[in-house]
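My questions will all concern the structure given below.
Just so it is clear, A, B and C label the chains in written order, and each chain counts residues from 1 on its own.
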Amino acid sequence: MIWQAFWAVVRRDLLLAWRRKSEGLSAVFFFVVVAALFPLGIGPELNVLRNIAPGVLWVGALLSSMLALQRLFEADYRDGTLEQMALSPVAMPLLIGAKMLAHWLVSGLPLVLLAPVLGLQFDLSGDALVTLTLALLVGTPILSLVGGVGAALTLGVRGGGVLLSLLVLPLFVPVLVFGAGAVEAQVSGLGVQAHLSILMAMLLPAVFFGPLASAFALRIALE
Amino acid sequence: MNILRANFLFHYAGPQAFYGLAGRLWPWCAALAAVFGLWGLWLGFMVAPADAQQGEGYRIIFVHVPASWMSMVIYMAMAFWSVLGLTFNTRLSGMMTRALAPTGAMFAFLSLWTGALWGKPMWGAWWVWDARLTSELILFFLYLGYIALTSAIDDQRRGDRAGALIAIVGAINVPIIYFSVKWWNTLHQGASVSLTKSPSMAQVMLWGMLLMALCFWLYTIALVLYRVRTTILHRESHTAWVRAIAQEAA
Amino acid sequence: MLTISNISCVRGHKPLFAPVSFSLQAGQALHLEGDNGVGKTSLLRIICGLSPADAGEILWNGSSLNKQNPEVVESFRASLCYMGHNLSLKDELTPIENLLFDAQVAGRSLSHEKGMGALRKIELNNRAHLPLRVLSQGQKRRTALARLSVSEAKLWVLDEPFVALDAQSLDNLRALLANHVLQGGMLLFTSHQVVELSQPNGHALDVQPIRLVAA
């Protein structure tokens, strides 16, 4: 019964994203645009681009996630569906976790799949591309899980979008440091084990505490 | 904890009683802050000798280091009051946290500026991305985030609780941020600049920093108590005791 | 059994309504009355647990809901069906999808046949596979109310359920509510209109009024 509710929320959100295609695509499009603008702004020198690639691609993913986070709870809050989740006998953190999973599948996974393609534009080596993909695969869920708290706290608040970015920025910094650091370590020949392990070590508590904190924040928003 | 102490604490958890206590305390704190401040500045700028390598410029650490300490301490205090507020649902906790935030942000900002002022004559750059300054910058963003969030929410009660949550989440995040920024800094060898490498401390220099820290500490207490009194009057304006005070003043 | 004891609610430093107490037993219907703005919706949200009360206690089957005991809260929520001003429906989903998802999120199972049956009763089965945004306001409301007919909840808390319904739908809803109460369910609702809930034998169901008074 509980897991049926979990998967029902995932399926519902995926179905809604499919029927409102434009919303899910906009964040992904933003990522592509950012990755294309940097070389235009910096110059075509491949050595330079190779150096800045990990940082640029990770920052692009981060900004794209911040944009996408605004949509996480917005619609449900407005049409009353969020209230029904708060009143369900199924624990709210579980249902919120389901929303975050669906959100990552729509807004995070495409970034993971696109990154190696964009990385080619920056002349990253094959190994570096693999590391980048792995790091994003572990890192982008953290962004969805932890960023949800910011999204929940700024529901229905004036200036929500910018405020959301300000609130989640400090939370994203560790992910950025180790995520980009992993690719740089790969490029300079050092081991990536440490970075990826630390990212995984951040993912596990995020899976537990992200939905919990977000559900708490949502109840505050619903009062 | 014996009954008497518990009663004492719960008594002052009420806004009216706290208003009185704060009113009696803050002038003393302000006076002591002035004393320690003058003493510390005298020691730092008059008595302590010039540093062998860094000359006179190093004296800025008498402001920079205590300001950094205070920005950390105040954030921990905010997290403490936030935990209290969410656990016991007291009105005063939200008011205290809100009163602490601007002063904390000010010290973080001061720490960043004095760090830059120190860096320029020493290393030739206005900003150096060392671990501590970068962490301080992110701490500043944490303060700004709290202030922006609580200001944007109209309902006071919801604002208090939302702010409490973000303060606690931020507090948990601070060590993680510091660790990751340190890692990031050692990774990119670049300038092995460290603003934490303070000059070998003579006794008098340590005393100077300690006194300045005490000064900032007491200044914070005085200012926060004063500020929270205003907040209490504003929030409890519908109660009889506040109306009595207003009528007395009129 | 639901017991409300001296509940009061503060908005902007002033209490909204005078402290209110009542209890709701199985097979009973309560009509919450009061002037506009007195706080009927706020009280319903407090009862459901969405907003906290500023004073007073709510008891469910004798246990207090204030203390946040997880078992009591879970049992309460499993027995509750709340409908607020928002329809709590997704415009991009069809009526049948809305009903099925809604049931699953609430931890209940609902078969496709039962869902279609409920929609047939309110004559939406022809439209059951169209997205909600192409339906009329009245049809959307009927879909929201169809949730009630497939709900197994004992306690129905409804905020203005009779709004924007045509005569036929109004009759259907009155019969649905009366049936629920007669079978031992509990009903708490607000309504600006004077509505009678009639039993199958034609007699009016006894609905007790609870009046909210401004503080």
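Everything that follows uses one rule, which is that contacts are C-beta pairs under 8 Å (C-beta built on N, C-alpha and C of every residue); 3 or more make two chains touch, one makes a residue touch a chain.
Computed from a predicted model, the values in this text were never measured in an experiment.
> Once you count every C-beta pair in contact for both, which comes out on top, B-C or A-B?
The greater number of contacts lies at A-B.
> Please indicate the chain closest to the centre of the assembly, with centres calculated from CA atoms only.
Closest chain centre to the overall C-alpha centroid: A.
> Taking the mean of the CA coordinates per chain, how far is subunit A from subunit C in Å?
A distance of 37 Å separates the two centres.
> Report the inter-centroid distance (CA atoms only) between subunit B and subunit C in whole Å.
It comes to 49 Å between the two C-alpha centres.
> Mind checking the centre-to-centre distance between subunit A and subunit B? Centres are C-alpha means, answer in whole Å.
Centres of subunit A and subunit B (C-alpha means) sit 32 Å apart.
> What are the residues of subunit C that contact at least two other chains?
In subunit C, nothing touches at least two other chains.
> Which residues does subunit A have that touch at least 2 chains other than itself?
Within subunit A, the residues that touch at least two other chains are 223.
> Over in the complex, which subunit A residues touch subunit C? Could you list them?
Those in contact with subunit C are residues 1-2, 4-5, 8-9, 11-12, 15-16, 19-20, 78-81, 83-90, 95, 222-223.
> What residues on subunit A touch subunit B, complex-wise?
Spelled out, the residues of subunit A in touch with subunit B are 149-150, 153-154, 157-159, 163, 166-167, 169-171, 173-174, 177-178, 181, 184-185, 202, 213, 216-217, 220-221, 223.
> Residues of subunit B touching subunit A in their complex?
138, 141-142, 144-145, 148-149, 152-153, 155, 157-158, 161-162, 165-166, 169-170, 173, 176-177, 179-181, 183-184, 187
> Give every residue of subunit C touching subunit A within the complex, in rising order.
48-52, 74-75, 77-78, 80, 82, 84-93, 97, 101-102, 104-109, 131
> What does subunit B use to touch subunit C in their complex?
237-238
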